[in-house]
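Going in written order, the chains are labelled A, B, C, D and E, and every chain counts its residues from 1.
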């Protein structure tokens, strides 16, 4: 009977998320003159300081100077945020190098199996109104119970690590062909490693299938950046990652309170 | 006998389609001055407002600021549209980042098998004039019956998701080596998922084999962008996608009525 | 005995071919002023109009504005053509986006097997002077008989489709490990599909192993661009393509008589 | 029992590392005039000369003109270094082409197996406080004993070779699925080749999982650059590399004492 | 016994090699004015004319206008050559598009097996001082005997074909896992094809493991560019290439005597 259960796990979604990476056009910024820089900075500080669910990071390396994370109730508001920033005087000196669009997501493997099996045992078939109603009820309960994790505050940790990732669909190794029970057990093992680092690393997982070029975005927050390396290295040996994870580029930044933006941008040069 | 039937499914084609993605050169646009911007905007609004089968979207993220979809009766008219837009004053501030060329396509797996088998049963061989005439008759009927879907209006939905895709031709997993019956059954299963979302997501499928770098272009239209994620995630577990789909970049935009173009471009800054 | 026959099919070569793709720098072109544009256009029309075996196409999409095909007796003359065009005033407004270098090629699978087997039956071993002389004689005959196809005129069709391609060398699927008889039969089947479209699509195949980044360049010419899609889609199901073809980017253009260049470049804006 | 031992080897970490690659904007540099160049040089020499754990290399080829290695106690200090250099007048003439972020790492396969097995034999389970405490004690001892290698000085050798690399996670060949004993023996064999070149080539290995786009960064230092080729070619045949190594781009530079920077930058032109 | 012989073949190294590819910035070059161009040309001709082991080629297609090959006794001298050229006035109009760094290399499969087996038969173990001394003696003899090929003059042929390549390390097809006897026999077969073209095509093979992004660079020189296609096509069917070769981009150029540089650069326009 189980074979006919849906293969897709239930998910609940929360905040819309946009990551923006910028490179400062240093020569133009320097050439702009101190008063222009001060004016641009003051405006940027005022606008960014007024954005409650946004955070700024000083990026390491050539991938950019600044990384901004925006959490918003909707994509409309993300787009408004983008436009507000593009209109800043400071934006004339910032080159957008990349970005990532996603929505905070919690995957519900345990609940999916419980709900699907419960319905199946009662003879309710997928796609019937009763099935859909009970699934929607379960989702509504999860959305309510998980609201704090679906609409999280951005952790205050000193360091950020962001990367997008896929589940592999190769010829003989294909995540999407695994039975749901297997995927649940792999995700559990994966989650257990995460929990070992709970005191050191916080995370926000966002889904981006249909929204951006990878399937998920991962944000890790820690006060010691070596914790990123240790956590991800340990995970690389679990089956979920060793066999089934494909990783995109990694971005590491240092939290930049808006008040320190001038220092980061070497406003006085 | 069936083994000798053609492997290629019948398709019917409709509107020629061009997607254009543009990034606004913000610094130049800002520097242009209010009256230049107003003039450029007025001209763009007049020209775009007069293009009946075109739609404008405000893109999210660094992939661009504007995405335009043009449906036209022919490639000639698409080229004329491109040129008309390139001549706009506004175009001086728009950098074309990418584009996609295709033609609205409906694949006819059911009809193909019916026609091919019917002809074969009557002893008509592929490539004979009789075969070709009957196939062409069937196509003509489909073109007529499916005209509204072949020459669709662009849905008014608030959100757009566009992505190109291929069917995989790997070493042991190769869509083009599957028997047509198998492909038909995979496409049916795939289509059933789509139908579950019929109330939330509209789609236009266009073919681009021989026209652009992927085999198909997919446009999804919805009022809630999370529906894109849910639909595509669910599909990723069906065999047609899990095993045989390769996805290109994803573009998500918000419908921008031409009258709101000035607001989007921060005309008053 | 056959196992010791050469694996490489005989080929004959004709015109040297260069494809050039250009993007017009629209803002600079517009800013240049009407008289500069007219002067640049007049010079370009005169020079291009005098190049007999060259053709200009208006490209669709962001890949460029113009595609030029040049057929010449030698690479030296291709290089001279490039330089002549680079010196044009118009070239200051054209950005070369890509190009493709190749030589018109006809593969002679049937003849290769006939000649190789004939020699082998007479006990002539590959690499002996007799072998080489007879092979060279066969090639000379083909070069003469096939001269019109080796040094073709560029078809006048309204639409062009150009793409480069490779034969796959994967781990278990490797074109270059197939016996020549097998390759011949695959190429025959492939050619039969091409012949079905003979009335609609003309083609020029050029070889680029050792000359550019893919193994072959394919130019298709048709008055209806949907014919490109139909032909290539049908071919994708034949074994030669389904298993063994790797495709590069596709370029679609509309033939642009030199006299219409001013219109295409919006000379009057 | 061993099957339940952790798969991840212990590592100890030392200096934070940033590689920066720059291309000199030669035309702008030349156009700047002699006095501007002299001033920019003097400032750069003073600042770079004061950075103790930084080294400058003159890169060969188009990948850049200068490569800088910075070793620092923390990522914060790396970021400060980046900012200090970005503020240099010389930076206006330097285009950052790429960079690499990592942390000096020593992998402890032997120790890991010893500690894990010892604990397991005493019935201590992974994840218990006792396990964690003993592991942490072992790490602390290694950090102390290995401090000179964890916080190394940059070797004075004339030539540098830098490249990032991954361990392969393909379908049937997957480093992260090997038992730890096997990985240890492969790393030993790998290390033995390294030791043969000990007199000619020094190395610094840094880990970058979670920090940059590859898993490790490798710096080799030698007085004869052919030693890089010989060492890496020999290693390519050991199982650890032949089967399991994926290599990123290679950068080769010549050590540039800060005092010779003016000569390298052709200060007098 | 043989199983314990080293897997890496002996190689001897000669000239250091740098390939530089440049695109002429035509608009700036034209705008520079005749006297500036003449002055820049005169300087370039004088400097390039004085570089004995350098050659200039006019590239075909968009990959660049000029390709320079430099053979030098050391990487230091290559770096000096780069710097000398960067300081040229002409360099202000040349954009470096790519480059390749390598060292002339001769692989000694036959000799390796002879020496290794001879030593093994006498009971000398790899890595012992005796082994190393005898190997070094063999290498020294080869270096002396092969000096003309290790430090070659650049052939005067009219056409150049340059490409980098790797030996494949895929999952089931891995060059570096083959026994040395097998690799020797594949290289022999490969070499025999090369010898068939000895009268038409000269070659310089350089090694770049640890120096640049591919493992080898191949320079072919011929008076008829179709010979490149014929040679490389024929080789593609030998096992060494069909199964084990991965090819990078191909560059084809026409030898440009320094005295013709002005004509190539359209000095008079």
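The working rule: contacts are C-beta pairs under 8 Å (C-beta built on N, C-alpha and C of every residue); 3 or more make two chains touch, one makes a residue touch a chain.
If you're wondering where the values come from, they're calculated on a predicted model, not measured in any experiment.
Asks: In contact with subunit A and with subunit B at once: which chains are those? Just list them.
Replies: none
Asks: Can you tell me the C-alpha superposition angle of subunit B onto subunit D, nearest 5°?
Replies: Rotation angle, to the nearest 5: 145 degrees.
Asks: With chain centres defined as C-alpha means, what is the inter-centre distance between subunit C and subunit E in Å?
Replies: A distance of 28 Å separates the two centres.
Asks: Please tell me the distance, in whole Å, between the geometric centres of subunit C and subunit D computed from their C-alpha atoms.
Replies: Averaging C-alpha atoms per chain gives centres 46 Å apart.
Asks: Specify, in ascending order, the residues of subunit E that touch 2 or more different other chains.
Replies: 171-172
Asks: Line, ring, star, complete or other: which describes how these chains touch one another?
Replies: ring
Asks: Could you spell out the chains in ring order, with the walk beginning at subunit A and its first step landing on subunit D?
Replies: Starting at subunit A and heading to subunit D first, the ring runs A, D, E, C, B.
Asks: Mind pulling up the subunit C residues that touch subunit E in the complex?
Replies: My answer: residues 6-8, 11, 13, 16, 18, 20-21, 75-76, 78-79, 82-83, 86-87, 91-92, 96-101, 103, 105, 127, 169, 171-172, 174, 176-177, 207-213.
Asks: Would you mind writing out the residues of subunit D in touch with subunit E in their complex?
Replies: So the residues of subunit D in touch with subunit E come to 24, 26-27, 30, 58, 60-63, 159, 161, 163, 170-173, 196, 220, 225-226, 228-234, 236-237, 241-243, 245, 249-250, 252, 254, 264, 266, 269.
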